[in-house]
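Each structure below appears as structure tokens.
In the two complexes that follow, chain A is the common piece, with chain B as its partner first and chain C second.
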Partner chain A sequence: PFKRYVEIGRVALVNYGKDYGKLVVIVDVVDQNRALLDAPDTVRSQMNFKRLTLTDIKIDINRVPKKKTLIDAMEKADVKNKWENSSWGRKLIVQKRRASLNDFDRFKLMLAKIKVSRSFIYFSILHHFRAIFS
Partner chain B sequence: MQFHQYQVVGRALPTDSDEHPKIYRMKLWATNEVRAKSKFWYFLRKLKKVKKSNGQVLAINEIFEKNPTKIKNYGIWLRYQSRTGYHNMYKEYRDTTLNGAVEQMYTEMASRHRVRFPCIQIIKTATIPAKLCKRDNTKQFHNSKIKFPLMVKKVRPPTRKLKTTYKASRPNLFM
Partner chain C sequence: MAAKRKAPVKTRNPDLIRGVGKYSRSKMYHKRGLWAIKAKHGGVFPRHDPKPKAPVAPEKAPKFYPAEDVKKPLLNKRKPKPTKLRASITPGTVLILLAGRFMGKRVVFLKQLTSGLLLVTGPFKINGVPLRRVNQSYVIATSTKVDISGVNVEKFDDKYFAKEVEKKKKKGQGEFFEAEKEDKKTLPDEKKEDQKAVDASLIKSIEGVADLKAYLAARFSLKSGMKPHELVF
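Presenting the complex of A and B:
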């Protein structure tokens, strides 16, 4: 029934608060509601589980490793690539890209969408023609 | 509310009969320095014949946590006033800082026993090594291969600004 567990080495995504969107590693459990988290670019801190969403990625570390050990373990488990190739990670990247478009990019996007829909209409009309006249 | 730990040092004012009164030091918890000084006089009045009007605070310093990223087991001994009398209690908390554990203690006392801040006196606090912890609630986390699933997924918007009264669909609470 449960596939993702809170355990030492579980990678989680912060879904509320100042560090929204960051990937962090659960490095120790304080108590039922809180975990000690660490990430290569943040200070080790504690956070409530309500602010975390667990991912499928788990790395192999001991309880509360040194920063260098943590970074090496993350490299070994290839967390960054696993995340960016997972469907969840890819969706987040696309969302971020969409949010950071400027007006010119949106214009180009609009043209590209029209092109695709026009070619689709052309293709579907052609298809219907062929279906009717053959 | 963030509790801070202060060290307050004070003495009675020097008089003709006592040129160098004894200096007393106290470590206590309060939300700010003003309240800390007030609490200092509260305790000192109970122990010695001195009041704020005939005494002086010599120093007040905040005490900061030495290792705020290390999880520790805190034992807190307290004396509290219930509706029927005074009682002693020993409580254990797991936290990274002593101030966090004290805050947990105050909120727990308020919720479980309806005892508010003025009616609680902290006798002693200590970091307890894992072997000597008494409460099962803290001992269950003394496991280097701890593993448990989260039961319910809390679905909420990432900022308070995006909160709406009505949603189009029911949330999926499965983790």
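Presenting the complex of A and C:
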């Protein structure tokens, strides 16, 4: 029934707090509720499991590796690319992009959407036309 | 002070600690060259006697004393500071007007006038907003900028926008019952020419950017699901 487990090397996403949205690696388990986390751009720290969402990605490390070892292991497992190509990762990237849109960008987006829908309408009318008259 | 220095001179007496100088009084006397000034003036410091004042007419006793002491209002030396322009508003920024006849229109910012109001133009041909003054508080600054280098806005100031003073017509009794002839106030041609001159180079630089003309022609409105505190402008 469970597919993603808390284990050493499990990559997780922080979903609450100061580091919201960051990918971190579980390097040790403190107790029933807390884990020790590390990431290339953060200091090693503990966090409650409730603040984490587990991902499918797992890397091969020993308990509490040195920063350099951790970074090398993450490169080897290609965590960044795996994350950015996963559908979850892609969704987050799109959300970030949408939130950062300028007023002008939103206008251009609206024009592009209208263009797409209008070309679709044109295509479907053309299609029906052909279907009726052939 | 009789003699005015162009720039304040640094003290020749550096602080050892706050309140304690490095040099003693006699050393400072020597450093400042007061001995040389004395020597130049024959052993004494130069005296600057006060200039003889012009004879003042003797004050006459006032004709009238008020029954009780009249209070003088307190002195007010306050000078209002010039309105601070938001850092996000620079010449060429596209602004969204939030109130008034042109509510929602996207408009190009030209310069801040001395009264603190912002000088703004549609351009007129694009969205119907003429050269106009607008208060900073009624404006959202977007991060879109238009190239404004070809525009000369030197001649526009608050006096340009002042209302024309109408001559007071003497109201005779008969005229009350006649319909008052109201001349339709047309814009003087000079102002129309000014608008065209400012807009000419603006429109050229606007047409250089894709979709910008349509963007300025459209009005801004909040749609369903848009949260203003989360929007990036």
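Just so we're on the same page, the second predicted complex is superposed on the first by the 134 of 134 C-alpha atoms of A that agree within 3 Å, B and C clash if a C-alpha of one lies under 4 Å from a C-alpha of the other, contacts with A are read in each partner's own complex, and residues count from 1 in each chain.
Heads up, the rule we're going with is that a residue touches a chain if its C-beta (ideal position, glycine included) is under 8 Å from a C-beta of that chain, and two chains touch if they have at least 3 such contacts.
Since we're looking at a predicted model, the values are computed, not measured.
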Give one word, clash or fit, describing how chain B and chain C relate on chain A after superposing. fit
On the A-aligned overlay, A:16 touches which partner chain: chain B = first, chain C = second, or both, or neither? first
Going by the contact rule set out at the top, does A:104 touch chain B (first), chain C (second), both, or neither? second
Chain C, chain A and chain B - angle at the middle CA centre, rounded to the nearest 10 degrees: 90
Once the shared chain is lined up, is A:133 touching chain B (first), chain C (second), both, or neither of them? neither
After superposing on the shared chain, does chain C or chain B touch more chain A residues? B
Closest pair of CA atoms, one in chain B and one in chain C, after superposing: how far apart in Å? 12
Check: chain A residues flagged as touching chain B and also chain C none
Seen from chain C, its contact residues with chain A in the complex are 94, 96, 106, 142-144, 211-212, 214-215, 218, 220, 230-233
So, in the complex, the side of chain B touching chain A is made of residues 69-71, 93-96, 138, 141, 144-150, 153-154, 156, 158-159, 175
Residue ranges of chain A in contact with chain C within the complex: 99-104, 107-108, 111
Could you please specify the touching residues of chain A with respect to chain B in the complex? 2, 4-8, 15-16, 20, 28-31, 36, 43-46, 49-50, 53-54, 62-64
